[in-house]
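Structures follow.
Next come two complexes, and both contain subunit A; in the first it sits with subunit B, in the second with subunit C.
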Partner chain A sequence: MNGERTGILEWLSRRLNLTEIFSLLTSFGLFYAEVDNRKPLREALGEALGRPSQSYARGPRILGLIVVVLIAVEILTGGLLALYYLPTPESAHASVSTIMRHVGFGWFVHQVHFWGAQLLVAVLILRLIRFLVQGVYRAPRELVWVCGALLLLVCFHADLTGRILPWTSGAYWSGVRALEIIAAVPLYGDVGMFLIGGDQASISELTLIRSYILHIGLFPALAVLFIYLHFSTVRRVGLSEIAGEVKEVGSDFLRNHLANLAILLVLVIGVLVTLAVLVPTPFLEEADPFSTVPGVGPPWYLLAPFGFLELSSAVLPSWAAGTVLLLVFSAFVVLPLLDRTRPRRGAGPLTLGLAVVAVVVWILFTFYGARVA
Partner chain B sequence: MNEASDSDAPEPAALPRRRFLNWLVRGFLALWGVGFAWMIGAFVRAPRAARSLAERVIKVGTLESLPVGQARLVHHGKEPLWVVRVGEDTLVGLSAVCTHMRCIVTWDGDQQILNCPCHDGSFDLNGNVLHGLPPRPLKRFKVETQLGQIYVHL
Partner chain C sequence: MKRNAATMTNALAIAALLVLSAPGVGATEQCGECHPEERVSFASSVHAREGVGCTSCHGGDDTTLDSQSAHRGEFRSLSDRSEIPGVCAECHASQERMRPYNLPVDQYALYQTSRHGMAVAGGDDRAAVCTDCHGAHEIRAADDPQSTVYGRNIPDTCGRCHADAALMEPYGLDPQVTANYRSGVHGKALLDAHQSAAPNCTSCHGVHGGAPPSFGDIDKVCGSCHEKARRAFLAGAHYEGMLAAELPECAACHAHHAIRQIDVAAIASSCSECHDQGSAQVLLGEKIRTLILAAEQELQKAEERIREAQRIPLEVEDHLSRLEEARTYLTEAHPLVHTVSQEAVEELTRRARSIAEEIQHEIYAELDRTVAHVGLAGFWFYLIMTLAILWAYKRRLRRGKSGS
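Up next is the complex of A and B:
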């Protein structure tokens, strides 16, 4: 906001509601304070900065920002990959091969897109664990939890549909394993199979194009929606409280916040580039529905449900085991309704105990699933 | 992106260092921006493989259907062309239009040459004129095989 910029800003502000545009940007992670849309930008911003507030580009809240940065990276690299990718069983593998071998930096964009997705899922899980431990699901922050949980589920699905797209043998058989898990869950599995035109036993020729449409259309749209709703509710109810934190005021606060954002961006991209270069995901030969690749399991985040289904198949019919999974995931999303004890800092001992048990059980089932896969 | 806020009374000697660090950070971020812009540009720029896809490619048939030493007349595009299987993996594509009077040349399997029925011209399998009136060699086409199919690039 220097003197020389005044002319353009004022010219624009007579023709556009700049405050509203800024307010929209704040809904996607730029800055979280509630902005009065009827006032001119400078006045509204001054007012927002006048209220004491905490930066969310520091401390444990950084996890949420990493999510926003990673989703932006995924949308950018995904848009680039879509310039070359062809979603048909005949040409999918060849088009990814073109990206990997002939397009400039194609291998890099492919690897960053893959690793960005893995990090995204991992960071979302860590973030929900922090919400749980610090009680960021109690009134009035129920929707913070619900948006976070739904965002995690959306990212599971986005990764799942994205994994099939290269149409490599690993992708194909990993997709088959995942479909078996999905099909075992009543209602949800039926809707899933209906949408992607497959069934429990096989991937049909429509599955690829439908996965692609869901991957580039529905799931990114839902992810952006949940991010928007998350920042909307944070603007109303304020950031989560952390013991001993000092609230700050003024334009230095905004400048420091933006500097923190820039540092975060550099670090996240640094981690992504390192992973993409040093631990690239292998690009295997084309999928062959008539030759199963040994040792291909479901994606890592589905190993626990996979292990549970495998273990319970001896004692429970598959629909019953699927119902258990459905109940567990539903309870996870609506946790704020289940634990409605009065607001206080952190989770109650009972919830915390249950949460620790849940995480340990999940990890054990993951190990079991990895062993039987 | 400058950290001017956290030191209230900087010593005079610290100022050049601060300015230098500010420049360093900005220069680094600028290099970064340029690097990423260049990378995205290099990605969006279509590779040669994609350009050759945009060429007109026609499918002639399976490799099995054309034994070694035989030829097939392909009726496609503005002018017909001969595809000759010279060896096990060697295929030749030659225009079937004589460069003299635009008659359609015929395949002579015994001598492995192409003859023009109009004025007794003939061409070898490189398209070069062996004898007769044709003024120029025949136009050659690129032929390739993929997964047992023969393709000609027009």
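Up next is the complex of A and C:
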């Protein structure tokens, strides 16, 4: 058995650069190590494991792994849903209804896809908070932060475009509310509106099909790209350091790491399945562009900008409020360039204070947005 | 060339406009020179549009401006009101003249049978003649919203006399009738809710042959619209009983003019207006009320369950069509209240209720998530086993390391 497998590997290794393939897999979270692509797999692996390193399937770093697992789940369930989904206003609702009623386990895949997206956004936010508190944005880890922040923004967009697709009344009006926010932001709003084929407060036939294309094409590709860049920079600069952690060596470490990974995978799937079964998201009636559903606000993660726009509409013109949003989001992405002090560990008191204020303000605006919605 | 053509077209348009703007009022019609007010009001009438001129009713000569010669011959001023119905009838009772307009010719005959007509024939010059309702010179077609006899305007038109207490006093008529009408369901539907099919005064009293429905005929008048209610009323005990007690049938409970709709919830209190509190009849009223309200409640619950199932989503098309069937039974049960028979009402409310209950039970079974929950528990058992194996594996790794 063992000999046969070695045989196959050898057979393959004469025809493929297996080390390169393994190296590619490590770029998507399988394992953290710099692998020498020129050496045979066994040798390269032995060499990589010979260097002392930490597992990242442990401690606060698991947030990043959960993100990878969730994105994998989203791509998998999304692919299954795409087998039955039809992206036109006439048939979108009916096709989702078919998925939920008639296709075997269709409702389950739909619910897992929905809950996966919500968890993904939540975990990405938690992950950025941990980066901030533990200072994982200082040189040389600026790109870790930038990739994480951009990944969060990409996931906002992926979730937003995904919400519109079932073409239910709630989804439709939630989408309209979100478009109103996007349209208020200068430059970015103009590009966004052009891409999505809508205007300030309407969703057309084009919007649906374009959302679909962005949702299944551009945004997943960008998410995968940012994950790849994240692991690339982590391999170059090393994992973030956690106080008191011991670096380990050897193949037992790899086994232990893979076991941790498996445990994490099992737990994430368990949580997703539980949410999908116990708290299914309701499937509302078909959207009617001519009748506004009262009480529908934007998605939960956009409640804060929504609340801000609502509150500021009394004092600021909408372009000014939009500019404020643009500045806030830009500052968020390029935080490593703004805070260049170098304390030994964690964020500086000033940055931390500002961050706490920012999070509190965000939460307050979220509550306000939820109240006015 | 082009400009000439344009000028020609303009000239033609102006000429056409001039001709069309005063059809029937020919150059020969000079009456308006001395009677400008009448001329203005007449110009907007349907008569002016159809080529009926001043002389058609008044006689005389409309080609001269000389007052003497204009009013000579068969001129009539029509200042004697009793003449008017006859004058109108000269054309409106003529089949030959009315045929092209497809208008009825029996108005004059009907008028003569009406209270108004009989009073006028008896020498009463205060009773209404044609012009009191239709206007004298500015007579508009009945489908013209500005007409005094347009459906929505009729209560006002009748009220011009019938709400005048001094005018009604010698006849012993109640001047509150139009105010009462406005406060009733019919008046509210017509005047507030703009439901043009809602009844106005003439719907019950007749148009030209206007007269109050007499005792014993009320159910027929109401029944011309409320067919099912009348059929139920005639089949029930109230009909004979009310005739014997000289009660005005429908109006005994629903009143007249200020027509009141009796809500299902108020049936019993309405019964106790005539029957003693605690009597078998009031109890029957309560029973009927309970039957209908209970069925309504079940239908509402069934509908809520269906909405709940729709959100999941479950297949509910069949349930929706059966809910519609149950609603029809309940709708049919409402007029049967007039039979004052528990059995008649109960048969339909029972059907409505049993369908609604069936729907609820079926959806309840479908909403039951026990299977999903058991499946979830099984899945977690599997997950925990997997985790246990992984942990055991990790422990072995750790022990092996400490061993070495």
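Some points to look at:
In this text, the second predicted complex is superposed on the first by the 368 of 373 C-alpha atoms of A that agree within 3 Å, B and C clash if a C-alpha of one lies under 4 Å from a C-alpha of the other, contacts with A are read in each partner's own complex, and residues count from 1 in each chain.
Just so it is clear, a contact is a pair of C-beta atoms (placed from the backbone, for glycine too) under 8 Å apart; a residue touches a chain by one contact, two chains touch by 3 or more.
Keep in mind that what you see is a predicted model, and the values were worked out from it rather than measured.
With both complexes superposed, C is the one of subunit B and subunit C in contact with more subunit A residues. Touch criterion met: A:Val273 reaches subunit C, while subunit B stays clear of it.
Applying the stated contact rule after C-alpha superposition, one finds that A:Phe105 touches subunit B and leaves subunit C untouched. Contacts of A:Trp11 after superposition on the shared chain: neither subunit B nor subunit C is touched.
Of the two partner chains placed by the overlay, neither subunit B nor subunit C lies in contact with A:Phe194. Contacts of A:Phe367 after superposition on the shared chain: neither subunit B nor subunit C is touched.
In the superposition on chain A, A:Leu284 makes contact with subunit C only, not with subunit B. In the superposition on chain A, A:Leu83 makes contact with subunit B only, not with subunit C. Subunit A residues in contact with subunit B (one complex) as well as with subunit C (other complex) are 252, 255-256, 259, 262, 266. Within the complex formed with subunit B, the subunit A residues making contact are 80, 83-84, 98, 102-106, 108-109, 252, 255-256, 258-259, 262, 266. Every residue of subunit C that touches subunit A in the complex is listed here, in rising order: 310-315, 369, 372-373, 375-376, 379-380, 383, 386-387, 390-391, 393-394, 397-398, 400-401. The part of subunit B that touches subunit A in the complex is made up of residues 1-3, 5, 29, 32, 39-40, 42-50. Subunit A contributes residues 97, 100-101, 107, 252, 255-256, 259-260, 262-263, 266-267, 269-270, 273-274, 277-278, 280, 282-285 to its touches with subunit C in the complex.
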